[in-house]
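For reference, chains read A, B, C and D in written order, and residue numbers begin at 1 within each chain.
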Amino acid sequence: MSLLLALAPLWPLLVMLNAGLRLALALSRSGPRRGRPRLELLDAVWLSAPLPALLLALWPGELALSMQSWMLGGVWQLDAMRRPWLLFAALLWLLAGGYARGYLADERRRARAGEGTARRRLTAFALLWPLTLAGNLLLILAEDIPSFYLGFVTMTLAAYGLVVHAGGREARLGGFSYLVLALVGEGLILMGLLWSAGSAEALTLSGLRTAIAEAEQGLWMATLLWLGFGVKAGVVGLHVWLPLAHPVAPTPASAVLSGVMVKAGVLGWLSTLPLGVVEAGLAPLGGWITGAGLAGAFVAAVLGVCQRHPKAVLAYSSVSQLGMLASLVGVGLSEPSLWPALLAPVTLFAGHHGMTKGALFFGVGVSEHPPRLPAWLIWPLLALPALSLSGALASGLIAKSFMKEVLYESAHAWLLTWLSLAAVGSTLLMARALWRQWRGRGEPCMAWYAPMPLAWLSAVLAAAAVPLWLPFGEAGIPWPAPGDLLGLVWPALVGLTLAGLLLWVAQAGSGRRPAAPRWPAGDLWWGYAAAAGWAAAGLARAQAALESRGQRLRARLVEVEHRVIDWLDGLAHAERGFIHFAVPLAVGVTALLLLGLWLG
Amino acid sequence: MPPLEETLLAAALLLLAALSLFDRHLVRACSWFVTFALVVALAWARLGLVWLALLELVLGALLTGAFLFHALGMTPLVRRPRGFFARWHDPLPLTWRLALARLLPALVVLAMLGVALAALGEGVGSLRPAGFVLLGLGLWAFALHRHLLRRLLAFNVIGTGIFLLLMSLAEPAALPAAHGLVITGLVVALLGTALGALLVRRLEALEARHGARARTHGHPA
Amino acid sequence: MSQGWLPVFTLATSLLVAPLILLLPERAGRARAVVNLAAAVLKLLLVALLVLGFYQGRDYTFGFTVVEGVSFLLQVDALGLMFAGLSSLLWLATTVYAIGYLEDSPNRKRFFGFFSLCVASTVGIALAGNLFTFLLFYELLTLSTYPLVVHRGHDKALAAGKVYLRYTLTGGLVLLLGVVALHALVGDVAFGQRERLADLGPEAHPMLSVLFLVLLLGLGVKAALVPLHGWLPRAMVAPAPVSALLHAVAVVKAGAFGIVRLVYDVYGISLVHELGLLTLLSVVATVTILYGSVKALSQQELKPRLAYSTVSQVSYIVLGISLFGPFGTIAGLVHLMHQGLMKVTLFYCAGNYAEELGIHRIEDLDGAGRRMPLTSMAFTVGALGMIGLPPIAGFITKWYLGMGAVQAGMPWVIGVIATSSLLNAAYFLPILHRLWFRQGRGRWPEERRLGRYETSAWLLLPTAATALFSILVGLLAGVPFSPLDLATFMATKEYLP
Amino acid sequence: MIERLGLSPATAPLEHQAALWVVLGLPLLLGALGAVVRPARTWPVVVAGMLPLLALGWLFAEVAGGAGRSAVTEFGPLTLHWRINGLTLLLLLLSGVIALASAIYAPAYLREDVEASSRGQAWFWPLLGLLSSSLMLIWLAADLLLLYIGLELMGLTAVGLMLLPGKAEALVAGLRYLLLALVGSLAFLLGVALLLGAWGRLDLAGLAEAAEPGAPLWVAVALLSGGLLLKAAAFPLHAWLAPVHASAWIPVSALHAGLVIKASFFIALQLWLLLVPAAALAAWAMGGLAGAAVIWGGVMAWRSVKLKEMVAWSTVSQLGYLLLAFPLLVGTGSAVADLAWQGTWLQLAAHGLAKAAMFLAAGNLILATGESRVEGLAGASRRFPISLLSFGMAAISLVGLPPSMGFTAKWLLLHAALAGGHWPWVAVLAVGTLLSAAYVFRIFRYCFIEDAPEYEFRRVPLGMDAIALLLALAALLLGLAAAWPVTLLRGAGGEP
């Protein structure tokens, strides 16, 4: 059944090709000048792009496919570790595809009407969406490093097109920040991969992990990889693209971006770092990762609360949640013995966050264009994933209790306290996001069975039930003991209280400027941008100086050349001397030769 | 000690050569040269080289003289030179400083030759010193003058000097070879002179036709 | 011995076509095209025959003595075959392209004549069996490219031609001195007889080092190693097919190929390693890579940017060579092929933009992707390949370079690779952004439309083909007879101890 | 060296001396015939011109297989010595070919060149025949008397040929040439006289054995060399060359630059190798002159305004390469000398062919454009591709780029210089290459100008183009086929 394995990442490609070909055919049929073809690009075939992957994720048993001629030797496989990631990724992509069909309904209509810009955007979206998906699926399935890197790169670059979908300054900024950081990340990853793979001539990810564990400079390789994937996974300091790119991207794209694609960074860590290998000696790095993760969790919470755009708030929340996830990974590094137990909660947490964040992003769109459903039904459904994310309900609660269960007995129990404190921040963020959604809510305008609400509803349900369907481990669902509930829920309660207080303060102070300071989305980005601009200006100056010096030098050389040529032309006069003194010269030559003969 | 007669002959040769080379009057100089060639022929005859003497008489004296006068534009009928040889004098003024400066190449060649001759040992007769001095005179004149005709004269004198040297150096066994060389040399000298003379005439005709008195003035070098 | 004529025939296909084309009248465009294409196809077939025979273990050696101690020698080995294959393949593509590109322009006779000569020289370089023969064709290449560089005949082209000659002739002279000195030292050494130099013993090492540097200097001019690269950006005034060929296979690659020959076939990598010259080589390559990329960043026109990119990319080959070990070798060898494919694609695209839309500056490319999607896709493939992204050819190179760097104990090279990739991205991605994500500024000149498709099929076909090849050689690198396979074969069987 | 020059006493005598006489006499006869018939068409010249080559073939056949031949002619008490070996054959063939090319080129040229006077045309053929004969005489001569005769004959006929255009500039330049040639022959004669006086013989083989170092020998050699260098236009005695070529007829220029100068060089080198084979210091002085010649000639060629001037100056420069033979052959080890020996003669042949081709091609260009200045060539590449191609191929050989014969020769010279550690000569060769590239490509630069105004131009007959092309091809392709001349060099008596 390895055919299915090959089909999973290839099907989206075929879908893309299909769309492209149909477009080209339509174009050549209609000719360049006579009107534009009316073409439905986001059709059923398009929607089916993640289906084979979903099927594969549900396929019982492990599959492996090895291809000698694929690049440097391809090995794709589906094992227990990959299955949950594939499952929730495919599911979210499927739902987001459906959501996109509704979300882009307006653009589709305008494109059909022949509006150029809309057509352009829609085409780009229709082509790049499956491409991103293909990359994402490939990186999950790939076991050989080149395929993994290929998947990662394809996803990263293709997603750029999704981010800048809207056009305009904001979108360009978002896309730019995304691309710059992604490239920095790619560079770091490439360095790490090459270095570690080269040290043991490894071609597969498992070989890579062994290589890092065994290599002398393993720490450096691992650091490079951590930072490289950290760009995706929003390690604090490298996270700045998230709040810039998310608000401008179309909501379905934001959902997969935040739900699945950033998880690729985490998956990258899991695939490349020698987690659980005792002799790797990467404990210091583990500490760093944990520290950075926690720092990210808190900083993002504080910054996120100050945002106005709900998607920006959600982006910061992603940074915060990913920080928590990273801290767990860090623990896995610093205490390898804990890792086997930790993998399941990490997977669950990732799946939970992916689905929930997807649902939340869908919700942003839904709150703007609500379906014709009663508000009492809509808003609790909107709040459900939010509460889940803050760990008070459903999948979030279970994930949290699972973590607690694993960490409780270990030397890293202190982490739980911090995580709980971070959850307070998460709650605040959720409250803030909901509040902003409430403030920006729109009038009901569509049927509940329209693609958008349908996708949202499915996502909310699926998110709530993640532990039920996600095969994250053999342990089964770790239902929290009722006695522990309070211990698990208190951060959410504290957060809600805080949120209420803040709201009250804000309400009391209405009329004046809102109390919360405004931080521009992207925080450090502006610092980076300024520094980069400064450095670029300096470089440009230096280059200009060099250039002008080079030009001066060249000018001087040219001048010298001219002078030499003039001098040579002048030499022609010397030729008259040779003519006049031919005979004396002949005598002189004779004498010279005689002298030479005499002496030698 | 060479016999008086020979010494006299050598002295006459040198005198005539000097006259033909340094006489400021061109026609006279050419006449001196013809006389010089006759004396050379005499000298050959005296040495018993009859064939050489005859050749010298015909080629060196008669034909060369004829070509020289042809270059001057003189025929038996027209006794005054025509064309741009109407000015008979060398266009370059003869100053002592110039003369001394131009002496240097001649001296160098003479010195070299002297060294070689000294190593070859004493020759008999005054043939060798005469040739030596002729060579020097000719070289000096050649370096000194820009005038084409004078250079041709100098060339002929140098050639004669070399012939004398050659014959003086040649052992009896080598005489045929030496003869061959001298005869070739004579023919070459004649042809050179003839070419030069014809050229001069041709140039003159060209300049007369184009009216361009430019460039040449008979001293192309 | 009869088989020895096969390389001669291979050489002759383009060598003899040159006078034939020069004899055809200027107006006989169709006949010229037929002759050209037939010769190109024939050459490709002959090279394929050579490859086949080579793998069956046949010996194709052709040689005769020029003067005592100096012989003209054509021999077929894997490296030469790879280069010959590349040049004959790209000759075919570029011939097709040039026919389309130069339609209705003057002096086509001269152009195609020297074009064939240029390819003959390249194949000669590929099949050369010793340094003398190599030098012969190397110089012939200089001569045959000069008329191509100055083809347009305006002041700028002539000035560029002057600069080109100054560099290449001086380089050729230095190379000549080096080769002759090597002859004086050890006599005629066929490629592959590495032990001849190694047997000289340590007392000859200083002399050998000096000679290596002299030869490197001579070859470095064509390979555009900084600071000997000055001619390359200026030679951009040539018509697009010429630039493409110059950059992808002919001149620049001849220099790089020469360095490969020098290191592996003349000295032998072990000896160069022993002499301690590999570090120098890697430093030179590093400087060139970074300098070229930075310069490319500041170019505002498409072709100069590509030119500086070539400066940078060709040094990957040198960098690969300088990494002692199989992976470095593989990287260097395989990039010979890869860079050719990708760069030729990029230049074709640049030519297409210039020809179809009249675009030379990068800022004018906004939205061109919609007007010329296939060209732009090809460009995208080339550019991403240059950055080194999978699955395009450039990735394979980078991968092996990195592995080689670690293997040679020079992990800092990885940093160079990453930096260069980032710089490449920095100067290529903005172009891609403009192509695909920007709105065009008004209408394209519709009347310039050259053919039924986005542009003339003559122009489009080679572009698409080379782009496809760039992907395929990366994607299917593991297939037998792929460049990677060949390079691995060479590196493990021939060049390494 | 004696063996290399074919003067070893052990050489077998030539069986049929008639071959010798036919080779020497046939050009003369044909020249006389030409004076009477004055061929205006090309094909009769082609047919007649083949005869001397056939005669050469006879000579080849006579010599074939053996290690050179010698011949002695008794002429009363006078004994004349001849020798034929590989080198001689090579030079004979070279002069035969170049003379033939000039002859074939001439009728069409004289027809096309409106300024060619008819009186001059009458003189052309006999002088050409005489010149060829005298060249053959020089190659074959093995004693100083014959050499003297050949040299003088050649010099005077060359002057005569140069004067044929009859224009004022030609006459002035020719006069200068005449005078200097005469001075040169005087010096030569003086040197011969000294040798004769010292050792009483003129045959080269005998002299080589008898000559002992000492003042007479040195002075004689210095004088001989001085005279020959003057005739060979070696720096700094080159001043007469460029003006003389500037106004000469094209075929005459080709012949002169290709062969006449070389004859003087040949005699000089031969005498040095025989008489002072170990005079390293003097040879180095000669090398210094060579370097100066290469550079000065190159610079002047680069800066020259007229096309023919450039070609003429390049002769001065190229002669410098040849003069390098002195330091490389005289007083050096056998390994170096062996290489330099081959290199020198290859260079001589290469330059002969290439220079002749270049003159002919330049002549075609000048005829076609009606413009003798270099600027007049603008756009020539499109209009006269074949002429330019011939010019280019000849230029390749001159610059010494592969695969030309000039390249092979330069390679050998370089190899010799490097093998002997003579760094200055390496530098000379290198600088010479760059300079020659500079002056040659300057021409091309003008030819490739596209936006030149369309001047009136006329078509040159195809035959003229073809001859230039063939000569240039020979210069180009013999680079790879150099094994053949080299075998000839060493095979027929050249083996040391």
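Methods note: a contact is a pair of C-beta atoms (placed from the backbone, for glycine too) under 8 Å apart; a residue touches a chain by one contact, two chains touch by 3 or more.
Worth saying up front: this structure is predicted, and the values here are computed from it rather than measured.
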item	value
Of B-D and C-D, whichever chain pair has more C-beta contact pairs	B-D
Chain whose average C-alpha position is farthest from chain B's own	A
Chain with minimal offset from the mean of all protein Cα atoms	C
Whole-Å separation of chain centres (CA-atom averages), chain B against chain D	31
Length of the line joining the C-alpha centres of chain C and chain D, rounded to whole Å	42
Approximate Å spacing (C-alpha centroids) for the pair chain A, chain D	78
Chain centre separation (chain B, chain C; CA means) in Å	71
Multi-chain contact sites of chain B, meaning residues that touch two or more partners	112, 142, 221
Contacts with 2+ other chains: residues of chain A	579, 582-583, 587, 590-591, 594
Residue list for chain D, restricted to those that touch at least two other chains	176, 180, 183, 215, 218-219, 222-223
Chain A to chain D touching residues, read off their complex	565, 568-569, 571-572, 575, 578-579, 582-583, 585-587, 589-600
Of all residues in chain B, those that touch chain D in their complex	112-113, 115-120, 135, 142, 148, 151, 155, 158-159, 162, 165-166, 168-171, 173-181, 184-185, 187-189, 191-192, 195-196, 199-200, 202-203, 206-207, 210, 212, 215-216, 220-221
Touch list for chain C against partner chain A, complex	294, 298, 327, 370, 373, 384, 388-391, 395-396, 398-399, 401-407, 411, 414-415, 417-419, 421-422, 425-426, 429, 436-437, 439, 446, 474-479, 484
Touching residues (chain side chain B, partner chain A) in the complex	102, 104-105, 108-109, 112, 142-143, 221
Touch list for chain D against partner chain A, complex	176, 180, 183-184, 187, 215, 217-219, 221-223, 225-227, 229-230, 234, 236-240, 276, 279-286, 289, 299-300, 302-303, 331
